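A, B, C, D, E and F label the chains in the order they appear, each numbered from 1.
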Amino acid sequence: MMRSFLPLSGMDVPRFAGLPSFMRLPFLGLEDWAGVEIGIIGVPWDGGTTNRPGARHGPRQLRDASTMIRVLNQATGVRPFHTANCADLGDVPVNPADLMDSLARIKAFYDDVKARGIVPMSAGGDHLVTLPILRGLASEGAPLGLIHYDAHTDFYDSYFGGFAYTHGTPFRRAVEEGLLDPKRIVQIGIRGTAYDGEDVEFARSIGVRIFMIEEVMDKGADAVMAEARAIVGDQPTYVSFDIDGIDPSQAPGTGTPEIGGLLTHMAQRMVRQLDGLNLVGADLVEVSPPFDPSGGTAWVGVNIMFELLCVLSGAVAARRA
Amino acid sequence: MMRSFLPLSGMDVPRFAGLPSFMRLPFLGLEDWAGVEIGIIGVPWDGGTTNRPGARHGPRQLRDASTMIRVLNQATGVRPFHTANCADLGDVPVNPADLMDSLARIKAFYDDVKARGIVPMSAGGDHLVTLPILRGLASEGAPLGLIHYDAHTDFYDSYFGGFAYTHGTPFRRAVEEGLLDPKRIVQIGIRGTAYDGEDVEFARSIGVRIFMIEEVMDKGADAVMAEARAIVGDQPTYVSFDIDGIDPSQAPGTGTPEIGGLLTHMAQRMVRQLDGLNLVGADLVEVSPPFDPSGGTAWVGVNIMFELLCVLSGAVAARRA
Amino acid sequence: MMRSFLPLSGMDVPRFAGLPSFMRLPFLGLEDWAGVEIGIIGVPWDGGTTNRPGARHGPRQLRDASTMIRVLNQATGVRPFHTANCADLGDVPVNPADLMDSLARIKAFYDDVKARGIVPMSAGGDHLVTLPILRGLASEGAPLGLIHYDAHTDFYDSYFGGFAYTHGTPFRRAVEEGLLDPKRIVQIGIRGTAYDGEDVEFARSIGVRIFMIEEVMDKGADAVMAEARAIVGDQPTYVSFDIDGIDPSQAPGTGTPEIGGLLTHMAQRMVRQLDGLNLVGADLVEVSPPFDPSGGTAWVGVNIMFELLCVLSGAVAARRA
Amino acid sequence: MMRSFLPLSGMDVPRFAGLPSFMRLPFLGLEDWAGVEIGIIGVPWDGGTTNRPGARHGPRQLRDASTMIRVLNQATGVRPFHTANCADLGDVPVNPADLMDSLARIKAFYDDVKARGIVPMSAGGDHLVTLPILRGLASEGAPLGLIHYDAHTDFYDSYFGGFAYTHGTPFRRAVEEGLLDPKRIVQIGIRGTAYDGEDVEFARSIGVRIFMIEEVMDKGADAVMAEARAIVGDQPTYVSFDIDGIDPSQAPGTGTPEIGGLLTHMAQRMVRQLDGLNLVGADLVEVSPPFDPSGGTAWVGVNIMFELLCVLSGAVAARRA
Amino acid sequence: MMRSFLPLSGMDVPRFAGLPSFMRLPFLGLEDWAGVEIGIIGVPWDGGTTNRPGARHGPRQLRDASTMIRVLNQATGVRPFHTANCADLGDVPVNPADLMDSLARIKAFYDDVKARGIVPMSAGGDHLVTLPILRGLASEGAPLGLIHYDAHTDFYDSYFGGFAYTHGTPFRRAVEEGLLDPKRIVQIGIRGTAYDGEDVEFARSIGVRIFMIEEVMDKGADAVMAEARAIVGDQPTYVSFDIDGIDPSQAPGTGTPEIGGLLTHMAQRMVRQLDGLNLVGADLVEVSPPFDPSGGTAWVGVNIMFELLCVLSGAVAARRA
Amino acid sequence: MMRSFLPLSGMDVPRFAGLPSFMRLPFLGLEDWAGVEIGIIGVPWDGGTTNRPGARHGPRQLRDASTMIRVLNQATGVRPFHTANCADLGDVPVNPADLMDSLARIKAFYDDVKARGIVPMSAGGDHLVTLPILRGLASEGAPLGLIHYDAHTDFYDSYFGGFAYTHGTPFRRAVEEGLLDPKRIVQIGIRGTAYDGEDVEFARSIGVRIFMIEEVMDKGADAVMAEARAIVGDQPTYVSFDIDGIDPSQAPGTGTPEIGGLLTHMAQRMVRQLDGLNLVGADLVEVSPPFDPSGGTAWVGVNIMFELLCVLSGAVAARRA
């Protein structure tokens, strides 16, 4: 392949110059996706948000912050952009005022992504976007596994008198629709106050493994991830990282913060231990710039995205080999 | 009437103490509305927002800021809380994830308000909320007049491929539905870049009087208001004030700011000249706290609300007499 | 009892709607306190602050943030609002310009609270407010125990040439006045630079157990709390939580931050271990909104208040049984 | 006189370097005041504030901002530091927790200033500080004239049930104490809502000339100042500038903002027309940094201070001649 | 020409989606400039800043804000993107740590721009970038005219003991180098304190027409622009707009704000009156995002850029005809 | 010695009053340095910054924050101002627009400091300032040891095509110039993405001991410091603390944050274990106020400076003895 998929270096052009594509990678329109192995995609939509909106602005701020990312992961030695061809595939053209239309638009986009064999690394948007992404990625009769970092299970049934689609319900729907195998779902970092606990009871009743934050703090990252890896096994697995899994002191810019969360060094350590799994995609959601005066949340978010890219690139290379 | 509708005074209890009801007035549940002449109502909803959301948080921040309002308008001598019985009627219970359901809930609330003969002073929310408010207030076959302060006409036809309900379309819909009489609509302060000008052409074609900001600056507040008063006459008239009518240096906390806008002293002067009109309700919309680091926008907003209350109280007293 | 003391649910009405009472509980005037077991009370006063003021604005911001609290503590299973009747009793009507008058007004309010058998969960205000609260709660000849989370001992003698009442002196005064039993006082998290160390020396000389932050970090939450529980025993005990006990990265909005503090998950763990003690009241003080651009401090504060409510509700239920 | 009273130039040492004394002038302890003609003095105290505190932090932020001031007034040609010997005399050592003690400390400081023949240019602090300043400056039986820019009259009688000393009462007290001649008091820019209007009625009844903002906007700066100059005449006159006289879009960092205020270019023009009056001192009060995220209020404040220095230096030179 | 130079519409794809090129125009690399008539160019460099840095971040924030610009100027009826082919040509690859190298890089970039007959609309960066832009654009022996909106003359000779290149000196250098004809230079909005006045004296001595802000306020926009148009005549003229020409309440995000400045509606009116002049380029400089908590300065900046594009597009069309 | 080197106490004068010298110590001009043992010095310069500037404003904000420091280190019992004579020696007079000139000016200042036997505690400024400081302090043929806390090695060779002096290169230069002994360099906290890893490889190849953050987290502060102490031994050693060594949640105000960093309590613990080493100076660099909305970074910075002062004062006392 002739063209380069390497980012522009900050040694050559200052990081504050130029258009902010994700990680300073090439920005490619649909007609130009040939050769791409991992596509970074924005889903600027927050129509499922029940309280504080703003995650629609996440992709742009994440792209901006991502221009400070360099190419080498010093902790693991991985160079993801050298390991797999990565590109910025732009944003899904959503409809901010129509929820059902937006879900359809997002699914259609990921149908395309899947059809071309591209592994998506998505940036939300609120957590409801994971539902149409999974609709695009999961094959009939082959539900995916899920490793899910979050403060909330997002396994609620409905809100406001029976409304089924909010950012608190995507995984309930995904299991109902056969997109996810509940016995291969692991949720890590759950905490905070709850409406009634029905979400947790339901999830556990169908086989979901929930690590409440207290268990994570007591056992440590390595033990948690060892169990998580065993649960999802070597079958196709998706990773969903809600930024509110991180403690709000490190990620204030999100709609539903819960105190007492994961610290970033622990989160990085856990994501690195996804290495070797059969990963088919990942997302980082719920970064909401209007609630972050300093912009630090997006910076945490892109660092998590970089760690996810590192393990995704390994999975791509392994399948390619 | 026995009970008091006067605000708690900052001379007695500090302004930062206590629950922040609008203007420190009594906060009344539906069962308790008897005797109320003007109801201040929050409509915490921004589902019609096409770009930067956050106006759903407007009513709460407006209430907080409103605790700094006192009882006497020094410029006009009006004491609105003494002139008419005012109370805080709470917020309409909207559904943040379902647009059509929310429009229905808002209309139903204002049906109640109208049925009890209460004049509503509403606080948005985005500008689409004015549509269901008008649906509640306007009587069959008796379209209302409108004096509308804004940077935008909100007369667009549709967005995103035919979507009819956004905060850019309420007045197009309201005219189509016979809620407003286009020949008695006055728009003041329109400016900024435009998609194509079709909104302005359409509005003018049906008789709407649009004062672009340049005309306002050239003619001055008094001339503009004299003409506006003549246009709406003595028939029932509604007032809608979009905070983005004000210059963004004075009201940055809004989703669609346009530079070169009305300064507050000019806006105050124009609102005071609504005195004597046959006003049946008013709203102040589009205050979006997440985009206002200092909170000053809400403070501007509640001062405009206070000026609107002063002229509304006069209209109530006049009709009572 | 017929009336409900349960919060309004965010599943029914969005969390950003409605007046922000504490935890969305009923807001009750003095005439309406019958049946209340735990009263949440604001004390919006910071006249004892020697450096950066603003804690007078704490109660309002805490109420606003508290609308994001739900009913179930997922870590412990406690549902405090179901365990005991809780209500928002409003703010003490302080005098911001007169220190001695304010101390008298606060004491009088808590005399009432105590007379009605209500357990107070207070929200400051600066730390001097704990002194008049204790004057109201403590009975003649029956000094209370105290578990006190803070960066500072607040055991100073005087400031500015002999001035006895500041937010650095309340516990010195409380011991002198016989409100607290020094041998049953435990202070946790003390750190930072000091004027001269006299406060610590004095406190230790009368039997106070001080856990400097280094000891807390070395021994861990469980060991600290085991010793603290043993010290206060089963006699009546008050809990005072100064938000500056928390690390300033998690609670920047306070007047006297000290780095190297408690992280929230550790604080939550320690407060949960107050369960089973004979608690007669608690406060959370020194949240100062003007120094918190993101509002996160109030969110930490209300989560601590929720944890305190959980253990207070247990104590109420135990005494009721 | 040998030593220099000129500021450090930004052409020589960058403006962000060095300790921020007022205008980069020499900072002089009491023992070193010889030769000073105009003393710039901080009064970091806000104990009279009835709502939002923070003006105690004003002097430090004003000093910081003042390092961007240069030596020449381009509009008038005045070079105040060349016209009179100016120096930074430091801050009055106030007591933040004791109001009456602080009033006494401030008066004592200004007794010293007056005794040495120094003209004070003070930076508050809340507006109550003007009272003890006037106690220091006014001579027995020789009440001063006053030109007062403000949104509020500060002529209230008392707060919170008879409390006489707040930032809303200084001029009532000053007239009662014979420090000011009410017939030579001019107030400019008054506006906003009022408690009951008693302050305005009282002030007018004793001869105070109040220019409400509407009159200022209608007549213009020149006409207002011509009348103001005629009223105070050539007798000794003090100038008090409350930053909330300026519109809150230009000066958000203050405790009691009122919309529709003076714009800075109008304020500059009015202050310049104080030239030639028999000025004996001036103050700039109510800058409250915690309420100003961008710091712009202090920058407005120091520019007003610079304009005041220009006219003060002219008065000093005239009396010297 | 086949390809489109029209912006992506917010009616089709939400304004917060996609990469933020200037005005949502095509972003073109050097190899792709054919057909471009007006090139929008970022110059992200602030190495000439003597006090508060940050203008290097201007182009990115301006691009982000520019996604809210639509295609029609409602005040003038101009549609600049239809009138001339506009594109985003990216950022000049500067060297943040080497001033002289950066000046050379910028000049080289504009040599290319001029060689291709493209009219540049540039976005700074600090004001020193105008010097190398002019070096690229001005032809030997044919100095340009200049209309310059600013709070400062930028006609200083040197700083810090003889240093010749800072953002306070570009026009002194440009005249010395024969790039500008001093008799055709007009400066509008000059104000604030000055070092010594030598800059103004020098500029006037060589024929520069300086409108101090007081003269602008007294005469009004139309009179000022009529004289300015007469001075530059029909010869080639450049326009340089320093955002600090605008009042800091409307444009706080800049390094050297001066109070009492132009209001935006006046600035818009003046820029519109550049219509019909023989314009060869324009820039908007000194937007410094780190000093603007709300981002409003960039929004003002891109609106000024849009007005400049409107008149530039007219000049392009006129020369094309 | 007669004069006092003790800070002004907050018990006597409130902390917000007075000029903000470092730690409220005497501020001494060059002519007045006699008797000083430790000089606190600002180096307000950021000309070596390759991405986000602003560290030039660090010294002023650090001084302001430092007024909240008291005299006793409660964790160690050290009273540094009593142990050694400390004073604020002001800022080095740098040239913001000329890099090489600034390096020369800084070196000259530290030549003076060294000549007078003063141990410098410096506050940056960006990290390039450490190079000219070391040029001033290191003696010919006697390279210093270094303990360096940072997220980055700052061992890069060059930027932007061969440019040798940026804040990413100081230690490469310092080793080349014989100022540091590479075998006695310890770097602690290195992390984040990297350009290519050449810096780490080079540093290790010449004997530098690098503790990546993962090793620090795994081994703990005590083990790391024990090894670090053994490496530098009892020979003269310098300490350089880049604030970005701290996690960005605790120190957001810096130009190049990297997530997953040191928490403050760990940093404090490590700095305290420098006690007993033969320390000849220290610095705290890269605090950049424009990127810190809450000011907390400077507060962390001055606390680290205080801990460094404690160990420096011990070294001074030891050498004095």
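The criterion applied here is as follows: a residue touches a chain if its C-beta (ideal position, glycine included) is under 8 Å from a C-beta of that chain, and two chains touch if they have at least 3 such contacts.
This is a predicted model, so every value here is computed, not measured.
Student: In this assembly, which chains make contact with chain D and also with chain F?
Tutor: C, E
Student: At the place where copies chain E and chain F touch, is the share of residue numbers found on both sides over half (same) or under half (different)?
Tutor: Both copies touch with mostly the same residues.
Student: The C-F interface: which of B-C, D-F or B-E repeats it, judged by over half of the contact pairs being the same residue numbers?
Tutor: B-E
Student: Consider the two chain pairs D-E and C-D; indicate the one with the greater count of contacting C-beta pairs.
Tutor: Ranking C-D and D-E by C-beta contacts puts D-E first.
Student: Could you grab the centroid distance between chain A and chain E? Build each centroid from C-alpha atoms only and quote it in angstrom.
Tutor: Here chain A and chain E have centroids separated by 41 Å.
Student: Could you pull out the residues of chain D that touch at least 2 other chains?
Tutor: Where chain D meets two or more other chains at a single residue, that happens at 12, 14, 16, 50-52, 56-57, 95-96, 159-161, 247, 249-250, 291, 293-294.
Student: Taking the top-of-page definition of touch, could you list the pairs of chains it picks out?
Tutor: So, checking each combination of chains, I get A-B, A-C, A-E, A-F, B-C, B-D, B-E, C-D, C-F, D-E, D-F, E-F as the touching pairs.
Student: Where on chain C does chain D make contact in their complex?
Tutor: Residue positions touching the partner: 46-54, 56-57, 95-99, 101, 159-161, 163, 165-166, 290-291, 293.
Student: Note which residues of chain D are touching chain F in the complex, please.
Tutor: Touching chain F from chain D are residues 12-14, 16-21, 27, 42, 44, 56-57, 59-60, 63-64, 88, 90-96, 293.
Student: Which chain C residues qualify as touching chain A in the complex?
Tutor: Those in contact with chain A are residues 9-12, 14-16, 68-75, 247, 249-250, 263-265, 268-269, 293-294, 296, 299-300, 303, 306.
Student: Taking the touch rule as given, give the residues of chain F at its contact with chain A in the complex, in rising order.
Tutor: 50-52, 159-161, 190-197, 200, 212-214, 217, 247-249, 252, 256-261, 291-294
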